[in-house]
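First chain A sits with chain B, and in the next complex the same chain sits with chain C.
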Partner chain A sequence: MKKQSKPKVAFFDFSDCEGCQLQFANMGETLLEVMGLVDIVNFREIMSEAGEDYDVAFVEGSITTDNDVKRVKKIREKAKIVVALGACATIGGVNGMKNRAPLEVAKKRVYGDKADTVNTIKTMPVHEVVKVDYFINGCPVYIPEVVSVLKCILLGKPYVVPNYSVCVECKMNENVCRYEKDQECMGPVTRAGCNSWCVNNGNRCYGCRGLVDDPAANGAKDILAKYGLKLNDILNHFTLYNDSQGAKYDQAFK
Partner chain B sequence: MTKHSSKIDAKNVKVDVHYLTRVEGHGNIVVDVKDGKLEKCEFQVIESPRFFESMLVGRSIWEAQHITSRICGICACGHSLASVKAGEDALGVTPSEETVMLRKLLLYTEQMDSHILHIYILVAPDLLGVKSIVPLVKTHKPVIEMALRMKRMSDYAGEVLAGRHIHPISYVIGGLTQLPSIDGLEKLYKMMVDCRKDTDETVKLIKKLKFPDFDRPTQYLSLTNDEEYAFYDGDMVVSGKQRTKPHDYRKLLTERVLDYSRAKVATINGKSYAVGALSRFNNNYAKLHKKAKAVAEEIGLKAPCHNPYLNTAAQLVEWVHCLEESIAIMEKISKEGLDEKRIVVSSWPKRGEADKAVYKPNTGISCVEVPRGALFHEYTIDDTGHITSANCVIPTNQNMGNLEDDMRKIVPELLGKKTQDEITLDLEMLARAYDPCISCSTHLLDVKFV
Partner chain C sequence: MKYASIKKEDLGKWLEHMKKKARVYVPKKKENQFIFRPLHDVSEVCLKYIPTILPPKKYYFPQKEKLLNFEIEPFKTSKAFKEFEEYILFAVHTCDIAGIQCMDIVFRETPEDPNYLNRKDKMTIIGIECLEYCDKYASCASMGNHEPRGGYDLMMIDIGEKFILHINSEKGEGLVRGVAYIKEASEAEMASLERVREAKKKVFKEEFAAPLPKIYEAFDKLFGSKVWDEVGKKCIACGNCTAVCPTCYCFDVYDDLDLSLDSGTRYRIWNSCQMDDFAKVVGGEDFRKGRDARQRHRYYRKFKYPVDKFNRYFCTGCGRCTRTCMSGISLIDTVNALATEMAWAEKAH
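Here is the complex of A and B:
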């Protein structure tokens, strides 16, 4: 993208909680700086206008209906750059858990005898439907990483999502390992980039940024079993965010 | 907004609002008037149901908070607290007083966060005659800077207290996974005290806003308790009557699924009802902080108030109440400190304990007041601590029927009296007043005159 021209930016949300868009509102003064560098033409969270002419489309949420598929394809046609924003868009996120039960069962559980009127398909991350140029992982997205990706977009450079585990960042933050505290953690198999956010706050890693390319899932599974987790809970740990990554991982967990 | 202000045919009006709200997806409003008769008035929640109640089945009760927080990015703290309370109810766990105090503090700051977003991002543009906050950055910089400062305070509160505001990290069943840092608390306290001045300025600004006149008494549901203005705990009450324990919520409210909507609609006594700031204000006015009462008086808000447009005013009153209560808690912490032993717990049973843990089949129910109203979580667990069924009753779903009834009353009142643009603005402001969610309400109504 040329330096002089301010790129037109649009935000779109699909099936999700809209928390990742809200992270932009939570940037504070940085938001004002960002607004000086781009033209926001479509952002339902904060504005009434809806521009249809845009260069960069931030797509938040998972694809879960036939209409979503059509809508995201249209967005892809119009945008020069598509950014998948947050866990729901990049890996399916918690919405992927829906895929654990047959769709008919899920519909029945929530809508009872009106289940037939509900339109839903299996949960998919955005790149399963259209090409995605930038991925911003996390549930929610981590603001410093959002800023890094924004810089890359403005400079026309690719952004490389880390392919090492959260443990690397956790060690640099000098956290005591959860396993040392007799607790389990998904850090060893989860993609870094969040600065070990949850472990820094005394919790464990839940795997919201997705698994690293080679997660050594069987080894991780054995360790979780040592910590007293039953097979079902181990599987639940792996599928909390990663269910819609598909058969590739599913097999390793069963 | 549409530019033309041609003569209107008051007998035939068609309102078609796409993407109004975020209740497990997006929503439409459809109003259809033919020959002066209101034929259709529906609030349709369409697309993208998310199936949280199904996703929870088979999950450990210890995971419920992490999962249900993801229902909403704005009320993530409220969902987390409703979830841990329901989990504790199912497991028979009682948190310490200190833990409850920190939870209240988190909940107060979430009300402030959401209310200030609503007041400034939705109402301020109306007040200043623009379509969004974006042009205000240039024309009203001090106001925007003030709004961002107030927002930054409530947001920083989430950071200090829970690791982050959107999907809080450290609030789990039984306590917190980590104490908030002393440095962070000191900084937060200073920011809160500084917010008092910005609050005064905001009151001046809101006083200038002319809210539309409208009056329709309805049933007002909220929590109530004898000790304080209830957010975290208490009994349910309907316009001061029918006091009911949250455990019996199914006896009080009935949920049903509509043909045209993906959200469930709730009723009490067979009729629609309202939840949110105005309901809490009407039911619990006497328990408000004296500064909040003074602000209510200054902006002319009296309990009981039957004008839904004034929900925004009630939010400002609650902002003042929550700010003062938060400052009081922070001063208590500063004086007495926090005892780690009584607060810090693990997010999941530790190695060895998971095997020994004894669970009995049970149902846990909770109710928490989140910014938009009473929120219910209910989980049934089996003898392994896994969820066999779940139910979440969301404030916006509860308000849906009431909004429809308001529209049924207001549309005939406006027909023939107001221009197309004025009707559009009035209906927009009505939807905004309910604050169904910031994402939805900023959407324009597309009013079609046949």
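Here is the complex of A and C:
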């Protein structure tokens, strides 16, 4: 492969915890190899400079104010490639819980009598505002997948996010199914790509990567019934990360 | 020597002996289920186990397997990896041995698959015959795999205080030859074996509502059956059934560049006909769009297509697909529903 000049990479965050950037910064030895391939010009967790000239923008966080909209549009204008980094940027993430109530009600709950002084809009994943070229799902992002996406960016190839459930990877890892232990799990309807990271480590799947395109709602309900779970219980788990995909859930599961 | 015997108390010693010769994989407990893992401590070996989460196919057709290395400039590819160590699969059920036989047919078909064969050449199989059902999900008697039908190096049969060892290959003989505590089976032991086999006939009964040729006929005639709608409604396309199947061998191949962007590795990874985009082609056409069509395809790849192509059923009767299905799709129920529909159709004529 011809070595071209190293692309300049910048990181920006919106409504989020900056944990996905932290994952990136904590990549370990691989980060040194990555630094050989790209120039990081703006990344406030690891450097004090904040370069405004960049080719690739990693955008973390969901869009939740009018100012966010303006800011992310500017980033889009400057960057050749925009990457949505993490659950908040790709599917709205936990912040999506704001969308559960009418905006005015949500504002009142958080800001009380100061609600009128705050500008806020519904929570949106980045692609609802500007075009996104690469999606890296997860809360937080899974570093092997980040590296795969990086390679795709450098090679000018698309990255296809898997459209099958976490169970596929979980079964290959030969985990005992959580349902067999009477523990619920979002794996059956959640998009894979994380190598069933949480379940491998004794946790359950929280659905942080969002739903597969065509979740089998009826089949999923049968499963809940078979294992004695109530639809409302599991809907609460579904909405933890996926409220900004509300319409899809309402249609499929309610 | 065709039949030998070993005292149960000597099994541990024998395992330690084999461990010196090769890597030994044994069934072990994992939480409330079982999996094949490398032998470390003989006390962990479970001889009484229901089929493991994944069949032993993970050792000769791994979930994710390196095929070869390549370089881009100048372009160069290496030959298939072949440096594998000798390994022994210990206490494999006869259903899983049938699975290995099926895989062999597929991967030995021209053009032979060197990656599979390189691993397979290093394998020794020691089976264990089931004398009781593992659970209600198995259909091994209907599939004819509840009894040993070849495909192994040694077969262990429990006759009480001892195991009879059926020696079925030179490799198998190599593992018992010169071992002081393994002796040629006596006449009395062979008589015990006969009694055990006789008793077993009362335990295992065909699980399907009709004999296999009738089942085949049902599959032949009932492609459009409502049975498939019902199965499709339940399915959530998690792909568990194909991952755990000892005869599912679909894979995808992809190239992974390392971070030099100059060289990389070609991998193959298990794929599944249950996935949404499995039969999608350029232009967006999808040949098996619904979960009903995809589930039907899985069944036809066990009871119809391989019978036409290889003259062999590719269901081993291990019951894993039913055991693992979260939404309760049962292989026995599905097959029996087809058989019943077929019987009704015949009556109507």
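Definition applied: the second predicted complex is superposed on the first by the 242 of 254 C-alpha atoms of A that agree within 3 Å, B and C clash if a C-alpha of one lies under 4 Å from a C-alpha of the other, contacts with A are read in each partner's own complex, and residues count from 1 in each chain.
Methods note: a contact is a pair of C-beta atoms (placed from the backbone, for glycine too) under 8 Å apart; a residue touches a chain by one contact, two chains touch by 3 or more.
Owing to the predicted nature of the structure, the values given are computational and were not obtained by experimental measurement.
Participant: For A:176, decide between first (touching chain B), second (touching chain C), both and neither.
Facilitator: Touch partner of A:176: chain C, not chain B.
Participant: Return first, second, both or neither, reflecting whether A:154 touches chain B, chain C, both chains, or no partner chain.
Facilitator: After superposition on chain A, A:154 lies in contact with chain C alone.
Participant: Could you look at A:74 and tell me whether it touches chain B, chain C, both or neither (first, second, both, neither)?
Facilitator: Neither partner.
Participant: Is A:216 touching the first partner chain B, the second partner chain C, both, or neither of them?
Facilitator: Only chain C; A:216 stays clear of chain B.
Participant: With both structures placed on chain A, which of the two partners, chain B or chain C, ends up touching more residues of chain A?
Facilitator: If we count touched residues of chain A for both partners, the winner is B.
Participant: For chain A, which residues belong to both interfaces, chain B and chain C?
Facilitator: Chain A residues touching both partners: 181, 226-227.
Participant: Which of the residues in chain A come into contact with chain B in the complex?
Facilitator: Listed in rising order, the residues are 13-23, 25-26, 28-29, 31-32, 35, 40, 44-49, 61, 64-65, 67-68, 93-95, 97-98, 100-101, 105-107, 109-114, 117-120, 139-140, 181-184, 197-198, 200-204, 206, 226-230, 232-233, 236, 240.
Participant: In the complex, go through chain B and note every residue touching chain A.
Facilitator: Per the stated touch rule, the residues are 19, 22, 25, 47-51, 53-55, 57-60, 63, 66-67, 70-74, 76, 117, 121, 125, 131-134, 137, 148, 151-152, 155, 162-167, 169-170, 172, 176-178, 257-259, 262, 344, 346-355, 384, 386, 389, 437-440, 442-444.
Participant: Quick one: which bits of chain A touch chain C in the complex? Just the residue numbers, please.
Facilitator: 1, 30, 33-34, 36-37, 147-148, 151, 154-155, 163-165, 167-168, 171-177, 179-181, 187-189, 212-216, 218-220, 222-223, 226-227
Participant: For the complex, give me every residue of chain C touching chain A.
Facilitator: Against chain A, chain C makes touches at 30-33, 35, 53-54, 58, 63-64, 72-73, 233-240, 243-244, 256-257, 259, 261-262, 270, 272, 275-277, 291, 324, 326-328.
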